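Structures incoming, each one as C-alpha cells.
Here come two complexes built around chain A, the first alongside chain B, the second alongside chain C.
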Partner chain A sequence: MKLRLFLWLMRRLRPITTVAAAVACGWTLLVPGPLYESREWPLLFILAHSIAITSALGRFMTPQFAWLHGRGYSRAALWSHTMAAAGAGALAVWIPAALIVATPARSFVHDRLFTSPYYPIMQPRDAIEIWQWLWTYLALLPLMAYGWIRESQPTRGMMGGWLLVIAAIIAGFSMLNITRPGEFPRELVNGAYGLAALICLIAGRRLYRALEVRR
Partner chain B sequence: MHRYTFVLIQFVFLLLILFAAVYAAKRLWSRSAGRDFGPANAPAPSRASRTGESLLILLLGGLTWFLTASTRSTGGMLFDLDQLTPAVARANLAAAIVAGVGVVVCALIALRRTIPAVILAVTLLSAYGFILNSGFDFLGREAAKQQAPIEWTIDLTGTDAQGADLWVNGVHLGKTPVTITIDEFLKRVPFWGAPPETVGEDVLAVPEHFPKWIVERKLTRWIELELPSRPARGAAPGARGPVYYAKARSGDDWGCGYTRGSSQSTFGDEYAYSSIGVTFPGRDRRLETLLDQVRLADYRPSADWLSAFETYGPDGWNSLRKAARDEPRMQEVIDAWADARYGTSRVTDADSAWLVLDRIRREAEANRQYTTSSVAGRAIELIAPMLDPERLATAAVEYIRTARYGGYAYKMQDDGRYEFSYPRQERRGGDGLDEQYPPGAFPVAHAVYAQSLLPDPPAVIQAQIAPALIRWQDKTDIAAALGGGEVEKYILRRDTYRIEPKDFRDRKYLSNYGYINRWFWLGMHLRGQAGRNFRRLHKNQLFELLGKPTIPNVMEGTLSQEPYDLLFANGWGGEYWPRFKARTAGQNQFLKIWWEYLVRMDAPPKMFAETLREAHVDNSELRWALEHNGKLLEPERLRAVADAVEQAIDRDPAIIKDATDDWQRREIKKYLENFRQNDPQYCARALMAQLRGPDRKDGEYPQFAGQWLAEQKPSHPLVGMLEQAPEAALRQKAIPALEARPTPDHRALLDRLAADADAGVRAAAQEAVTRLSQLARRNPKEFAAK
Partner chain C sequence: MTEPTHVLVARRLSRDYGRRRALDAVSLEIPAGRIVALLGPNGAGKSTFLKLCAGMIEPTDGGASIFGISAREAPNSAPWRVACLLDSHEPPEWADGRRLVAMQAEASPRFDRAFADAFCFGGGIDPRQPYGSLSRGQRRRLLAGVVLASGADLILLDEPADGLDTAARRDLYDRLRRRVNDSGSTAIVATHNIHDIERVADDVAILARGRLVLHGSLEELREEVREIEAPLGAALKPDSPIEILARRRERDAELLWARSTGGERAIAAAFDAAPAISPVGLEDLYLALTQTSFEEFESAQEVQS
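Here is the complex of A and B:
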C-alpha cells in the first residue's frame, strides 16, 4: 500500500466526498416515508456520484495525472490505488448514510420528531435498501472506470467502451426497476452485474498498462 | 399501409437516428477534446478490451434476454409455453431463439468491433421486448385465443361426492370434475333437442312434512345442462344455449335435483365452467346413520367409525359442524377426530405441538389445500395454546417477508373471525393463486390467529407479526385486528377525521358506500384500548358515514352492513336511532327496517309498540314487519315484544291504518299469532293444544306433527311435551322423533316409553330401542361413502 499515492488520489475526491456525504446523509435522514417508495433517487445519486468519482480519478489527459505518472509508480500500483480510492470515496458516503438507516437514527427522528406513521414499523424494511445501494456502487464504479481507461487507449474505436457502459447502465437501471429485492430475478441482476464489474476490473487492469497519459 | 410495415419503418428510423447520434457524439467529442490520436489507421483495440467487451455483451445481453423472455407481466412466456397454443408457442420460441442467437452473434462481433455490436444488441433486445409486450399482436396471441379450444369443466355442487360418474345425453363422460373441450363434447355427445322419454319415470318425490301440511319436492335424475357459449353480441339477456341432459351417480346412488335451474354455466376467455346441483339421497342417509351411530356411542367414535366417516370428506366435516350447533357434544366427536388423526391429546409441550403443526404444514403443501374449517384446522386450534409463540412468530414473519402477494390469504367470516384457506386451484383461467402464500403458511397463520384469541395472547404477536404484516405486505386490516403499539402509530398518525379518502392510497371500498378513508375505517377496527378510544372520538364520523350510502333507500339487508355492525357493537344504536328514523320514515316497508334496527340495538319491547304507533302503517306493512323480525328475535324477547304490540293495538286499534272492520282485526291477530310461533316453546304449546283438541278437517289440525318432528325438528320442545303427555296417542307421536336423533337424553326418554303403561306405546318404543341397538352394533364401514 502506497499511502502517499492513495492520499493524493483521495485529495482529488475530497470536495466530491464532502458534498456527496452531506447530500446523502441529509436525504437519508429527512426523506419522508419508507425508502422503498423513493428508490429511484438513491440510484440516480449513486450514478451521479460514481460519475463524479471516476471522472475525478480517470481524466488521464490532465496535467495532474501526467505528473502522477511521472512519479515512478508502476502501472499496477497506480491502477490498484485508483480503484481503492474510488471504493473508499464511495464507502465514505455509503457508510454514514447506511448507519443512519441501520441504527435507529432515521427511525427515531421520524418517529419522535416528525411523528411519521411509517416509523418505527418500516425501519427493518428500510435497512434492506442500503445493501442495494452498496451493490450499485460496486457495479457502477468498475464499469465507469473501465470507460475512462478504455477511452485513453491509443487505439481506434475509443467510443465503443463508453457506448457499452451506457447501454449496461441503462439496462441495469431498467432491470432494477422491474425486479424486487429478495426475489430471484433481482439476485440474478445483482449477480450478473457483479460479474460484469469483475470483468471490467480484470480488463481495465490489463488495459491500464497501455494507458496514454498526455499533458 | 399494413400496421406491421409501419412498425418496421419506425424501427429502421429509430436505428438510423441512433447511428447518427453516436456518430455526431463521436465527432463532437474528438473536436472538443482537440484529440488527434485516434485516427483510422491507429492500432485495433487490445485483446483484453475485445474479450472483456465481448463477455460483457454476452453476460448483460443474456441477462436482458432471460428477463425479457421470462417476465410474464411483460409478455415473457418462454418458460410457460405449455400454456400457449402450439402456434403461439412456436412464434414465441422463434422470437426467443432469434434474440438469443442475436446476442451471441453480437458478442462475436464485439471481438472485432464494439460499436456495431452494442447497437445491434440493443436493437435486437428492444425489438424482442417490443414484440412480446407491445399492443401489436405480433405473435398472434389474440387470434389464437379466439380459435383456442375452450376447456369445459363440469362439476357437482351441493355435495363433495368427488369422482361421481357423469352422463350427458346418455354418454358417459367420466368422473367429476369432468374436463373436456367443447369441440370434443360436441363430437361425442349427441344433441337430443327434446327431454328424454324417461324424464318422467325417474322422478323422485321427496315429501317434506310440516305440522299441518306436506310439501312434495319433485326431484329427478335428469338435470338440464346448458352448453356454455360466448355471449353473442345483441343476444337477448337470459337467452339460453343448446340444452343437454345430465345424470350423475356416486357408487350406487343416483344424484337428484330439479330438472331446470340445478345447473349453472360460466364462460371465460379460455375456459367454461358448469356446476350441477344434486344431492345423493342414499349417501345423505348413510352419513346421517353414521351420526346416529356416534350418538349411540355417547359421542365416543371408534377407529372404524372415524375411518368410515373420513370417506365423506368435507361433507362429513360440515355435517358434524351443523349438528354441533344444537348438539354441543358433537364437538367431542370433532376433537376425537382431530386426536385420532393428529394425536392432539398426546401434545404436552411446545415441541410435541410443533411436530403436529409441522405435519399439518407438510400435508397442506402436499395436498395444495388447507382450510380453517376442517379437522386439521380444529387440530391447530387445539394445539395453538401450547405452541412456542417465539418460534411460531419467526415462522410467520418469514412467510410474510418472503411471500410475493398475500391477497387471497384470508377472509373475514360472518362471525368476525378470520378464516385462512388455500383453495385447490381447479379451474383454469387464473385466480392468481400461484402468487400467494404457499399452502404451508396457512396453518401457521391460523395458529397465530388462534393464539391471538387467547385470554392472554402472547406479546410477540403484536410486537413482531402485526408490524411485519404491514411492513412487508401492507395487510393493514388483519394487522389492526391483531393490534399493538407500532400498528397503532401506523394507523392513528393519519388524518382519520375525514370519511372521504384524500388520494388512492387512502381508499377503501365499502359496498353501498363507495370509497372511504381507510385510516378512519382501520382505526374503527383497531384492537385494544387505543381502538376503544379511537371509536369514542370518531363516533360522529361513523354517523356521518351511515348517512351517506350510495343507495338512497334503506333496504332489507342494509342493517347487516359493516358500518351498522360497528354502530351496534359499540352500543351507539340508541344515539343514532332518531337520525335513522328520520332518514327512513316513509320508505317502502320502513316499519320492518325500524324494528330490525330495534332488534339489533336490543331496544325494550315498549319501543316496538311506540314505533308502531308513530309509523301508522296498514296491516300489510305490519305483517311484513312481524314476519321479518320474528325470525331475528330471541324467544324471550319475542314474547315480550308480541305482548307489547298486541296491547298497544288492543288499546287503540286506530294505530293501524284502515283497520276498521272486524275482519282486518282478526287478520292482525293472526299475524301476531304467527309471530309468536317463532318461539319454539309457544309453538310447542300451541301444537299440543291443537293435538288435544277435536279432530278438525279444515287442514288446521297438526296431523303431521310426528313426521315433522322426526324429519326436521327432533330436538323441538314438542318432543319432550309429547313424551310427558298423559294421552298414549300423543306419547306415541314422540317415538319417531326420539329415534331419529338418538342422543343420550332421547334414549333415556325412549327407555322410559319402553316401560310405558300403554301396551301400544310400550311396543313401539321397544321396537325403536331394538332398532337402535341393532344400529349400534353394525359395522360403521357399511355406511362409508361409496
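Here is the complex of A and C:
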C-alpha cells in the first residue's frame, strides 16, 4: 500500500466527499416516508456522485494527472490506488448515511419529531435499502473507470467505451427503479451489474497498462 | 541479466498528432552516464520525444527501448528507473513541497532525502508553502530537485531551469552533472538555453521539424564541424569524405556547415575552389541547422548521399 499516493488521491476527492456526505446524510435523515418510496433519488445521487469521483480521478488530460504519472509509481499501483480511492470516496459518503439508517437516528427523528406513523416499524425495511445503495456504488465506479481508461488509450475507442457504460446505466437504473429489494428481477439486475462491474474492473486494470499520458 | 550498454535506443521513432507529424523517424542511441542536450525550436518535437522515452505515449511508427525493454512497458516493469519533469507537468496548487518530496520518496526506492532537502528547500522555499503560492523559479527548483533526488537511472528534463535566476540555473546544472558523475545515471535535457547546457552536456541532439538533424558528442562536434564560406559556384568534389549538415546561399557566397573526421584540411580538399573555414560554436551550429528551410535541409541530405 502506497499511503502517500492514496492520501494524494483522496485529497483530490475532498471537496466532492464533503458536499456529497452532507447531502446524503441530510436527505437520509429527513426524507419523509420509507426509503423505498423515493428510491429514484438515491440512485440519481449515487450516479451523480460516481460521475464526480470519476471526473476528479480520471481527468487524464490535466497537468496534475501527467505529473502523478511521471513520479515512478507503476501503472498497477496507480490503477489499484485510484480504484481504492474511488471506493473510499464512495464509502466516506455511504457509511454515515447507512449509520443514520442502521442506528435509531432516522427512526427516532421520524417517530418522535415528525410523528410519522411508519416509524419505528419501518426501520428494518429501510436498512435493506441501504445495501442497494452500496451495491450501486460498487457497480458504477468500475463501469465509469473503464469508460475513461478506454478513452485514454492510444487507439481511442472513446465512444465504444462510454456508449457501453451509458447503456448499462440506463438499462440497470430503469430496472432498479421498478423493482423492490429481495424480489426476483432486482436480484437479476444486481447480479448482471456485478458481473459487468467485475469485467470492467479486470479490463480496466489491463487497459491501464497502455494508458497514454498525453499532456 | 546484463545491462545493455545503451540506456536508450530509438529506432525510426515517430509520433503523429492527428494529421501532424510531431516526431519523424528519429533514430539514436544514448549510452549510460551521459548528459544529452536536446535542442530544437518550439514545436520541433522535443517534448514528444521525451514523452515517448518515458513510455507515456505510444509511437505511431518505430519504437524506443530503455534498459533493453520497450519504453511503453517501462512504466509497468521498471517505473522508478525513469524520472521525468516535463514542461506541461505540474502538481496541484494545494500540494506543498514537503508532500511533493514525500511522494517522490515513496515512489523511488533510491530516493536521496538529504539531497532533496538541501536543494529543494535551500532556495528560501518553505516546505509547507503550497505549490500554487511559489514563484515560477521556485516551482521549477522544487520540481527539478525532486526529480534529481529520485535516484532514477534515466532523468528526462524539459526546460528544468525555466524561470530560475543565473546563480540557481548554474547550481541546478552543476548538481545534475555531479549526480550523473556519481551515480552513472543518464540525463536528457530539452532546453532553449544553449549556453547553460553546453557547459555540462556530453552529447547534443538537435531536432528540427520533428527530425533529428544532428546527434553526437560535443567534443567530437567541436573538433569535426566547421563553418565554410565557399565562393558561389564552388562545387563539392565527388566522393568527398565530408558530411554537409546545412547550407545557406548568401548574395555572394555559399555558407555550409560540414562535418569531417579529417579536419580542416580534408574539408578544404573537398572543394574545387578554396573556401574560408572557421570553427563553429554550438549556438551557431544550432541556428544553422534549425533555420535552414526544409527544402534546403533535404537538398543537403541529397548532396551528402
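In this section, the second predicted complex is superposed on the first by the 214 of 215 C-alpha atoms of A that agree within 3 Å, B and C clash if a C-alpha of one lies under 4 Å from a C-alpha of the other, contacts with A are read in each partner's own complex, and residues count from 1 in each chain.
Quick note on the criterion: a contact is a pair of C-beta atoms (placed from the backbone, for glycine too) under 8 Å apart; a residue touches a chain by one contact, two chains touch by 3 or more.
Everything numeric in this text was worked out from a predicted model, so none of it was measured.
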| item | value |
| --- | --- |
| First (chain B), second (chain C), both or neither touched by A:Y118 | first |
| Partner chain(s) touched by A:P154 [first = chain B, second = chain C, both, neither] | both |
| Residues of chain A touched, compared between chain B and chain C (which is higher) | B |
| Which superposed partner A:G72 touches (first chain B, second chain C, both, neither) | second |
| Contacts of A:S80 with chain B and chain C, given as first, second, both or neither | neither |
| Which of chain B and chain C A:K2 touches, first, second, both or neither | second |
| Which superposed partner A:V213 touches (first chain B, second chain C, both, neither) | second |
| Contacts of A:Q64 with chain B and chain C, given as first, second, both or neither | second |
| First, second, both or neither for A:I178, with chain B first and chain C second | first |
| Partner chain in contact with A:R11 - chain B first, chain C second, else both or neither | second |
| Those residues of chain A which chain B touches in one complex and chain C touches in the other | 154, 210, 212 |
| Interfacial residue positions of chain A with respect to chain B in the complex | 61, 111, 115-122, 124-125, 146, 150, 153-161, 163-164, 167-168, 171-172, 175, 178-180, 182-183, 185, 188-189, 192-193, 195-196, 199-200, 202-204, 206-207, 210, 212 |
| Chain A-touching residues of chain C, taken from the complex the two chains share | 51, 54, 56-58, 72, 75-77, 79-86, 88-92, 94-95, 99, 102-104, 106-108, 150, 152 |
| Chain A-touching residues of chain B, taken from the complex the two chains share | 22, 25-26, 29, 33, 37-40, 42-46, 48-49, 51-53, 55-57, 59-60, 62-64, 66-67, 70-71, 74, 113-115, 118-119, 121-122, 401-402, 404, 467, 470-472, 486-487, 489-494 |
| Of chain A, residues touching chain C in the complex | 2-5, 8, 11-12, 63-64, 66-76, 154, 209-210, 212-215 |
